[in-house]
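Beneath this line is the structure, given in structure tokens, with notes to follow.
Which chain is which? They are A, B, C and D, in the order written, and residues in each are numbered from 1.
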Amino acid sequence: MEVKEMKKSRKTLLRTEISWVQPGKILLKGYNLIEMIGRKSFGDMIYLLFSGDLPKGNEGKMIEAILVSSCEHGLATPSTSAARSVASGGVPLQAAVAAGIIGLGDSHGGAIEQCAKMLQENIGEAREKGFEKTAERVIKDYQARKRRIHGYGHGIHAPEDPRKVKLYEYAREIKVTGDCIRFSEAVELKLKELTGKPLPINVDGAIGAVISDLGIHWTFGKGFFLISRAAGLTAHVQEEHAKEPPMRRVYTWDDVDYQGVPERKIP
Amino acid sequence: MEVKEMKKSRKTLLRTEISWVQPGKILLKGYNLIEMIGRKSFGDMIYLLFSGDLPKGNEGKMIEAILVSSCEHGLATPSTSAARSVASGGVPLQAAVAAGIIGLGDSHGGAIEQCAKMLQENIGEAREKGFEKTAERVIKDYQARKRRIHGYGHGIHAPEDPRKVKLYEYAREIKVTGDCIRFSEAVELKLKELTGKPLPINVDGAIGAVISDLGIHWTFGKGFFLISRAAGLTAHVQEEHAKEPPMRRVYTWDDVDYQGVPERKIP
Amino acid sequence: MEVKEMKKSRKTLLRTEISWVQPGKILLKGYNLIEMIGRKSFGDMIYLLFSGDLPKGNEGKMIEAILVSSCEHGLATPSTSAARSVASGGVPLQAAVAAGIIGLGDSHGGAIEQCAKMLQENIGEAREKGFEKTAERVIKDYQARKRRIHGYGHGIHAPEDPRKVKLYEYAREIKVTGDCIRFSEAVELKLKELTGKPLPINVDGAIGAVISDLGIHWTFGKGFFLISRAAGLTAHVQEEHAKEPPMRRVYTWDDVDYQGVPERKIP
Amino acid sequence: MEVKEMKKSRKTLLRTEISWVQPGKILLKGYNLIEMIGRKSFGDMIYLLFSGDLPKGNEGKMIEAILVSSCEHGLATPSTSAARSVASGGVPLQAAVAAGIIGLGDSHGGAIEQCAKMLQENIGEAREKGFEKTAERVIKDYQARKRRIHGYGHGIHAPEDPRKVKLYEYAREIKVTGDCIRFSEAVELKLKELTGKPLPINVDGAIGAVISDLGIHWTFGKGFFLISRAAGLTAHVQEEHAKEPPMRRVYTWDDVDYQGVPERKIP
């Protein structure tokens, strides 16, 4: 009945299940956002926005841990150097941060989404037919299609990404683990067995597994990374604006190797 | 000594005070980020990134409250409708969210920065010469330059923005208030007195005042809003991808009022 | 020898075949850009950048016609409404235009790339085994994989997109047509035969075919659209800045149909 | 009457003077875009979009020359390195190009707008009171406000930016020059006289002067640069995608000089 009253829309084109605003009230998945200020954490809100309800347990704390793990990774990452370059062109903070966020693509944090997808699509089979057996089937399937399993290996933090170690430890400590983390570990073991080389779960894979156990759909995967990294990018753009000259070049034409056609006459 | 060892750089062009990455270690303002996973909140990390040190008190909690207050404000805000339009073009989540973030400009959250600037630039004088007197001087100065004082009035949430009320209450409750909140209130009173109409502090102004009392430089102002709103934008872009057809138009050419030159012959 | 002299690079990481800058000289694929000002058209430059050499015939003119065809398509397209929304947040022109450009994704102009890819990947077979036969094989292959052939049908400009008609006519008039345009027409005919409904080549498909005959790799496909549309987007953002109030909403919360959970108590 | 018929709008919020779309027709400032394909150049269309009418003379040719002059300036510019960094994160072409375009801010091409503004705001006075006298008044006014006159000096192409030389030569050759170019030269002379050092008009300033003589409002200034540079950025993003590995770093953590707080214990 209350829902009906709320639906005053003339435009079915403008529909959403996320939120609704009235003077003095901002409904978020049914809860008044205003009442949650000071009572809920930002992690709780993200859980609410992405899963549909407020945490029953420590889900919000787990999301906070994820946000901490990814908020900054140095000046030399593609997104950070892009944001700083853009900032140096003389643009407002939010636009330079946005340029960095655009860069958080399939190869730069995208493994969160891909790993979560792999886990969520196969967890049913794993529960039914066994984790090891399903891990083997999945890996061989990926190999047959010549596709990489995202979220494993290739970090600079060898032998294991310490952020992954911490995230899994913490998930166990606060009891938010489930079958997806277990399955991610079964895949890790089987990958080593089948390929002969260690391909440990990296931080992207770990986040993918953790959010899967939190019950969040893989299509939200990149969201965790971009919200988190927005903090580090803001700090870098502010530093660029505050400390560096405009239009600066971190390398010059002399550093560039022109490998194209040598000088020629215009016809 | 340890610092010296760290400085291996050959390029003074690539310098930063924010972070440094080594295998197994991510230094953030001197603290190892990895050790903070599960121990510190995301609010603590933002405080660290923007102020230079970890909270001594409840600063991280206050930042969480700010992030909660601004994470979503409905489908009809310019940034959200932009992000959903872009999403409907068939682009990855992070790029569509970035398009929305670009829109968080001077007129859309920018008052945080402007209000914090006003407070931080005049708080010294207020302490010295009195809050009321300084508020009057500042307002008259803005009026003389025909400039608006940002962060006051104009909300849809009349008579007061309830997010502002909650933020100030919570700041007092957890004891992170200081002179800037007090000065923001002196300006509010004086504005009403001088203009004859109520111009209550809105949510942007409130955030500007709160972060000023947390000791965060006004140039970080937009950062709070963009990090926070990134959560709501992610939810909207995911919903657009999941529930709506591609390339959809929320209005059509028939809704558009063409006010230009009528049809004419090409010369 | 001359090339060798040019290679002063110490960093193989910064390599390019596109251009090289020295004081007084900007080499573009070997030609001095400065000498081309006033002598070459922008279409010629795009041809140079994307194909590797200056036009031998009318290729530059054909590119100009493509740029004309797509430079504007009204206020109601997703990219334009996004750019104007963003502009209304109080952001610089280039950032608002960029937000619109982000939206030129797989469903909004992306068919140029997809159609060009389809043509370029199958034109060899078409030449060898016949256009009709290959068209049939390709369509059935797409149907078997339940994938759409991009660049055909679905326009608002029925029965044929007049921009497509003009582009093909002009390509024939200035003699830059080749097998890809012919093959695109064979696919059109066969599509009608196999599906029973008319799926005429649309403007995206036409551009995809024309650039394929110009010898430009399909990976440049979206470039034509984004360069062209940047002109219309610039005009819209400028108009938004000049004529409309900041932070405006083209629809309000009353227009939004909230279909989510009704109001509930925070636990 | 015809205009009246066109106005079917119910929403005054969706109004524009730019264009209007109907099946089979795209009105652009009154002209049917479809009829202009193959008959008008892209430069003509930009002139139409930005000035309101089709060229009476060589205005379109002049715009083409501007677009040629700025379409590419090497790998080491902030916008290009940003676009390539973003591309390396695994994002679609249009989104990576957009990241580069965001960077075309006040310090990176923004002088076009600023120089055009200065010329357009003072040309009336110059015509009335003399070019030299007005130039002196303007410069002294900027100096008094400690502001730089944009569009002069600071190029890498010393003593004169050859693109500026070509643009002015061409403008004179095709007879599209006017008082703004003359006034820009008066300012150049006076700047040298008053400051004692040569501050020649650079390419940004030259474009600003040329478009002013074409009758285009300075608020469109950045548009010329972004449309033009979109071509070079597209080529760079495509090259990054085609030739380089994903997530590549053009410098590493070893190249970074961490100047922050040395390692410390987490409290």
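We adopt the following convention: a contact is a pair of C-beta atoms (placed from the backbone, for glycine too) under 8 Å apart; a residue touches a chain by one contact, two chains touch by 3 or more.
Just so it is clear, the model here is predicted, and its values are computed rather than measured.
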Requested in this report: For the copies subunit A and subunit B, give the interface type as same if over half of its residue numbers appear on both sides, and as different if under half do.
Outcome: same
Query raised in the report: Can you name the chain that lies farthest from subunit C, using the mean of each chain's Cα atoms as its centre?
Result: B
Requested in this report: Could you compare the number of C-beta pairs in contact for C-D with that for A-D and name the larger?
Outcome: C-D
Report task. Could you put a whole-Å number on the gap between the CA centroids of subunit A and subunit C? Result -> 30
Report task. Averaged over CA atoms, how far is the centre of subunit C from the centre of subunit D? Could you give it in whole Å? Result -> 22
Query raised in the report: What is the distance in Å between the mean C-alpha positions of subunit A and subunit D?
Result: 36
Query - Multi-partner residues of subunit D (each touching 2 or more other chains) - result: 11, 14, 16-21, 36, 40, 74-76, 91-92, 94-95, 98-99, 102, 104-106, 109, 248-251, 253, 255-256
Report summary line: Touching subunit D in the complex, subunit A uses residues 74-79, 81-83, 85-86, 88-91, 95-96, 98-100, 102-110, 246-253, 255-256
Report summary line: subunit A contacts subunit C in the complex at 2-3, 6-12, 14-22, 27, 29-32, 35-36, 39-40, 52, 54, 91-92, 94-95, 98, 102, 251, 253-264, 266-267
**Report entry** Residues on subunit C engaged by subunit D in the complex (per definition of touch)
**Finding:** 11, 13-14, 16-21, 23-26, 28, 33-34, 36-38, 40-46, 49-50, 64-65, 67-69, 71-76, 92-95, 97-99, 101-102, 104-106, 109, 156-158, 162-163, 166-167, 169-170, 173-174, 217, 219-220, 222-223, 225-228, 230-232, 234-236, 238-239, 241-242, 248-251
